[in-house]
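Each of the two complexes below includes chain A, the first together with chain B, the second together with chain C.
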Partner chain A sequence: MFEARLLQGSLLKKVMEALKELLNEAAWDCSDAGIQLQAMDNSHVSLVSLNLRAEGFDKYRCDRNLSMGMNLGSMSKILKCASNEDIITIKAQDNADTVTFVFESPEQDKVSDYEMKLMNLDQEHLGIPETDYACTIRLPSSEFARICRDLSQFGESMVISCTKEGVRFSATGDIGTGNIKLAQSAKVDKEEEAVVIEMQEPVSLTFACRYLNSFTKATSLSKSVQLSMSPEVPLVVEYKIEDIGHVRYYLAPKIEDEEAA
Partner chain B sequence: MDKFLIKKTKEPPSSGISRGMKQASLHQLGGVVVLEDLTSANQQLSNPDISPDQKVSILNKLKNKKPAKEILKSTGIGRTVHRLCRDENPIVSGAANEVYGFWKTHILHLLRRKPIEVESDAETQRGRASAKKMINLSLNNSVIAEEIEIHVFNKCKKIMNRTYNRLIRKIHFCFKGNEDQKRRVNEMNSDLKEFVEEMYRDVMKVYATQ
Partner chain C sequence: MGIKGLTQLIGDSAPAAIKENEIKNYFGRKVAIDASMSIYQFLIAVRSEGAMLTSADGETTSHLMGLFYRTIRMVDNGIKPVYVFDGKPPEMKGGELNKRAEKREEATKQLAIATDAGDTAEIDKMNKRLVKVNKVHTDECKQLLTLMGVPYIEAPCEAEAQCAAMVKAGKVYATATEDMDSLTFGSNILLRYMTYSEAKKMPIKEFHLDKVLQAMSYTMDEFIDLCIMLGCDYCDTIKGIGAKRAKDLIDKHRCIEKVIENLDTKKYAIPEDWPYQEARRLFKNPDVLDPETIDLKWNQPDEEGLVKFLCGDKNFNEERIRGGAKKLCKAKQGQTQGRLDTFFKVLPSNKPSTPSTPASKRKAEEPKKGSKGGAKFKRAK
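Up next is the complex of A and B:
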C-alpha cells in the first residue's frame, strides 16, 4: 500500500508544470524515504531529477518500494481538476495497475477522486555523483526566468560565462547581441534576493535557450535558483522546494561542431 | 533596368553564437559516465582470458571519459587500470599508463583548485570595506583584517545579513578588550578560520537565548 497526503496540493500542481514540458512520461519511484523521479527528455540532452522527501508530506506510507510509470500529460489533466487550496492524496495498492488521486477541499465539503492507469516504463537509471563544480551561482529565480526569456529573443543559444567580474549571460542573433551581467550582491533585505557566486575556475559554456526556458517553468517552486557549471559536465539548474525536496535539471552544453569547422 | 543590377546569391542567415556549435547529448560529455559501462569494462579488464587487443580497445574508450573520483573508487576501475600499468604486454601497459595519467592529472587539477574571490556590486563593496575597517580599527593589521572578513563573509553564506553584522561587531570588540587574542592573531599563531568559527558559535549562542 502506498499513500502520500500533501496538505499544500498546489505544490504538486506546480511540480507537474515544471515537468510536463520536458517529459511525456516518467516513473515515480516510491520508497519509505519519499518519492523520486529521474528521466531524460527524448533527445537525451537534458535530465530531470525530482526528490520529494517523506517528511514533507502530512501523511506518508509506503509498505513496499514501487515504481509507478505515469503519462505526465494525463496526470497533468487530472491535477488541473484540483483547486490550489485542495489537499491531495496519492494512493496505490502494491502491484496495482492504477493510481488514485484524491482531492479534498479545505472545509472537507467536497471530495473528488480520479483513477489513472499506470504504464510499464523501462528506463535506465543514471547515477549522479555529487560533484564539486567550478562555478556555482545562486540568484533569484524570477531574475533567471527573465534573463532566459529576454535573451531567447536574440538567438537559440545562450552563453553563460562566470569570471571573477561576475556572471554574464549573452546571446547573439540576426537582430543583434544581448548581454546581461550580474555582479555578486550580498547586501539585500531578503536572502533569496542575493546573487551569490562561488568560483574555483572561470567557465564559459553555451546552452540551448529552449531547454533553459523549459526549466524556468519551475520558478514558482522556489524564490531562488542555483546554477552549477563545470567543463565537460552538464549544467545543473536546481530549485529547492521548501521543506520537502528539490527539482534539478541537468543540461548538456553545445559543443564545437568539428564537421562544420 | 536589369542590366544595372547585379544579382548576388543570398547569404545564409547567421545563427550567431550557435555557428559551429552543435548540441551534445548527456552521454557525449567527458564527465558523464554510465556506471554499467564502467563496471563491465572493469570486469573485462580484470579477466585474464581477454586478448591484449581487446584490452587496448577498452582502454582507448576509457581515455575519452573523466569519471569522478568517487566513481573510480566505487566501480574499482581506477585500481584495475592502475594494475594494468604494470602489465607484461607493453602495448597494454602503455595504453593503461595513458588513461591512468589522464585521470590522475584531471583529479589533481580538481583538488588543487582554490576559491576565487568574485567582485561584488558597489553597495556590497562599501559594506564589506567598512567591516574590514572596523576589524582593522581594533586589530591594527589590515592584511589579517581583510582575511578575517573574507572568512566571515563565507561563513554567512556570502550574505550581509544580521548575523554578518553581529559577527563583525563581535570580532571588533573581542580584539578591543582582549590584547592577548589580538597578539595571537597578529602573530598568526591562531587559525583565522577556526577563530571565526569560534566567534560564530558565540553569536549563535546569543541568538539561541533571545
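Up next is the complex of A and C:
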C-alpha cells in the first residue's frame, strides 16, 4: 500500500509543469524515504531528477518499494482538475496497475478522485557521481528565466562563462549578439534576490537554449536557482522545493567538433 | 541476403534488444553505411511512375538522386555518415551469387511472358527483380560522395564485415543496413531504415547485439553457429530445420559439431558439402582493413562541382542541388551537442530480461538509489 498526502496540492501541479515539457513518461520510484523520479529526455541530452522527501508530506506511507510508470501528459490532465487550494493524495495498492489521485477542497466539502492506468516502462537509470563543481552560481529564478528567454532569440545556443568578476551569458546568431553580465551582489535585503558566485576556477561552456528554456518551467517552485558547472561536464540547474526536496536538471554541453579546423 | 528469420527470432526471444528511435535523436553519431545495399535500395525505390529516373541520354540516375537526398537527410539531422563499398565477394559466396543469377534469369523469362501478356503490374515487379548494381553506379556514387565531402571506404571484401570492424573499434557508433548479418559479423549496434525516405516516416530500428546475446544467453560463437544454422550467404542449411528448431538445437548442444553428432540423420539430411567451419571463420575473421588505419574526414562540399556533375546531362534541378549543398555546409559548422549517457554511466537494470506480466515486472523494479559516487565522469570520444 502506498499513500502520500500533500496539503499544498498546488506544489504537485507546479512539479508537473516542471517535468512535462521534457518528458513524455517517467517512472515514479516510491520508497519509505520518499518519491524519486529520474529520466532523460528522448534525445538523451538532458536529465531530470526529482526528489520529494517523505517528511515533506502531511501523511506518507509506503509498505514496499514500488515504481509507477506514468504518462505525464495524462497525469497533467488529471492534476489540472485539482484547484490550487486542494489537498492532494496519491494512492496505489502494491502491484496495482493503476494509481489514484484524490483531491479534497480545504473545507472538505468536495472530494474528487481520479484513477489512472500505469505504464510498463523500460527506462535506463544513470549513475550520477557526486562532483565538486568548479563554479556554483545562485541567482533569482525569475532572473534566470528572463535571461534564457531573452538570449534564445539570438541563437540556438548560449555560452555561460563564470569568472571572478561575475557570470556572463551570451548568444550569437543571424541578427547579432546578446550579452548579459551579472555581478555578485554586494548587499541585499532579501537572500533570495542575491547573486552569489562561488568559484575555484573560471569555466565557460556552451548549452542549447531549447533545454534551458524547458528547465525554467520550474521557476514557480523556487525563488532562486543554482547553476553548477565544471569544465567539460554537464551543467546542473537546481531548484529547491521548500521543506520537501528539489528538482535538478542536468544538461550535456555542446562539444567542439574534433574535425573542425 | 542476410540471415534467414533472424529479425523474427530476435523479436520473439529478445525483444529488449530492439529499440525504436526518431532519426533526429542520432545527432552527432558517426554511422557506417553499407553502400552497395543502399544503392540497390535507391535503384528500386527512387522511381517515378514505376520507371527509374534517367538522364537526357537514358542513363539511370535513381541511385544518385537517392544518395544525394538521403545523405543530406542524415547530415541535416546531425548524423555523420561514412559509406562502405563491397570489395571482392568471398569465394564461399559463389553459391549464393549463382543462385541470385539464376533468379535473375528466371525473372527475365517472366518479364518476356508478362510483356507479351501486357500485364503491367507483373512487368513492373520483374523489372525490379532485374535491378543490379553495376560498376558505373558505384563509381558515380563514389564521385558524388567525394563532391559532397562525405567519406567512403572500399572494403577488401564484404562491406558488412568492414562496418562491423569499425563499430567494434569504436570508429563509428553503428552500422546502418538492412542486412542482419552485420550482427553476425559482430557489429554491436545495427540500425535499420536509416536510408529510408523522410516521407515514409519510418522510425529507426536499433538492434543491440549485446542484449541479444544476453537475452538468449549465448556467447558470440554460439550466436554465429545459430546464424549459420538459420541460413547465411555462405553455405546451405540442414533441410527441415527452421528458425525455431535451429534455436532449440543450439540451446541444447551449444555448437554445430554437437548438433550434428546428436542429430537424427535419417530424418534430417546434413548437406553433403557443408563448409560451416569455413563460414564460421568468415564471420569471425573476415578480411577487413584495420579500422585504426582508417582516417574518417568530413569535408566541405564542392557546390560548383555538384552542380556540374548532377545538373546538365543528368537533369537535376540546379536550385535544389545548391540548396542541398547549403545544408551540407551548414551542418559542417559549429559544435555538436553532447549526450548525457557519455558523461554518466547507465546503471545495470535489475529487471528480468525475459518478458513477464506487467505486475511481476513492476515488482522486480526497485528505486535506483545508492549509486552516488559509484560512477566516474567519462568523456566522450
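Quick notes on this structure:
Following the convention adopted for this analysis, the second predicted complex is superposed on the first by the 257 of 261 C-alpha atoms of A that agree within 3 Å, B and C clash if a C-alpha of one lies under 4 Å from a C-alpha of the other, contacts with A are read in each partner's own complex, and residues count from 1 in each chain.
Here is the rule we use: a contact is a pair of C-beta atoms (placed from the backbone, for glycine too) under 8 Å apart; a residue touches a chain by one contact, two chains touch by 3 or more.
If you're wondering where the values come from, they're calculated on a predicted model, not measured in any experiment.
Overlay on chain A: chain B and chain C clash in the combined arrangement.
In the superposition on chain A, the chain among chain B and chain C reaching more residues of chain A is B. Touch criterion met: A:Thr206 reaches chain B and chain C at once. Of the two partner chains placed around the shared chain by superposition, neither chain B nor chain C is touched by A:Tyr249. In the superposition on chain A, contact of A:Tyr239 is made with neither chain B nor chain C.
In the superposition on chain A, contact is made by A:Ser67 with chain C only, not with chain B. Once the two complexes are laid over each other on the shared chain, residue contacts for A:Pro129 go to chain B and to chain C alike.
Touch criterion not met for A:Phe215: it reaches neither chain B nor chain C. When the two structures are aligned on the shared chain, A:Val159 is found in touch with chain B, with no touch to chain C. When both complexes are overlaid on chain A, the residue A:Asn42 reaches chain C alone and has no touch with chain B.
Common to the chain B and chain C contact sets on chain A are residues 40, 43-47, 124, 126-127, 129-131, 157, 206, 208, 232-234, 250, 252-257, 260. For chain A in complex with chain C, the residues that touch the partner chain are 27, 29-31, 33, 36, 38, 40, 42-47, 65-69, 95, 97, 118, 120, 122, 124-131, 157, 206, 208, 232-234, 250-257, 259-260. Considering their complex, residues 16, 21-22, 24-25, 27, 297-298, 332-347, 349, 351, 358-359, 361-363, 365-369, 371-377, 379-380 of chain C touch chain A.
In the complex of the two chains, the chain A residues touching chain B come out as 40, 43-47, 124, 126-127, 129-132, 134, 154-159, 164-166, 170-174, 177, 183-188, 191, 194, 196-202, 206, 208, 230-234, 250, 252-257, 260-261.
Across the complex, chain A is touched by residues 13-32, 34-35, 66, 68, 70-71, 110, 113-121, 123-124, 127-128, 153, 157-161 of chain B.
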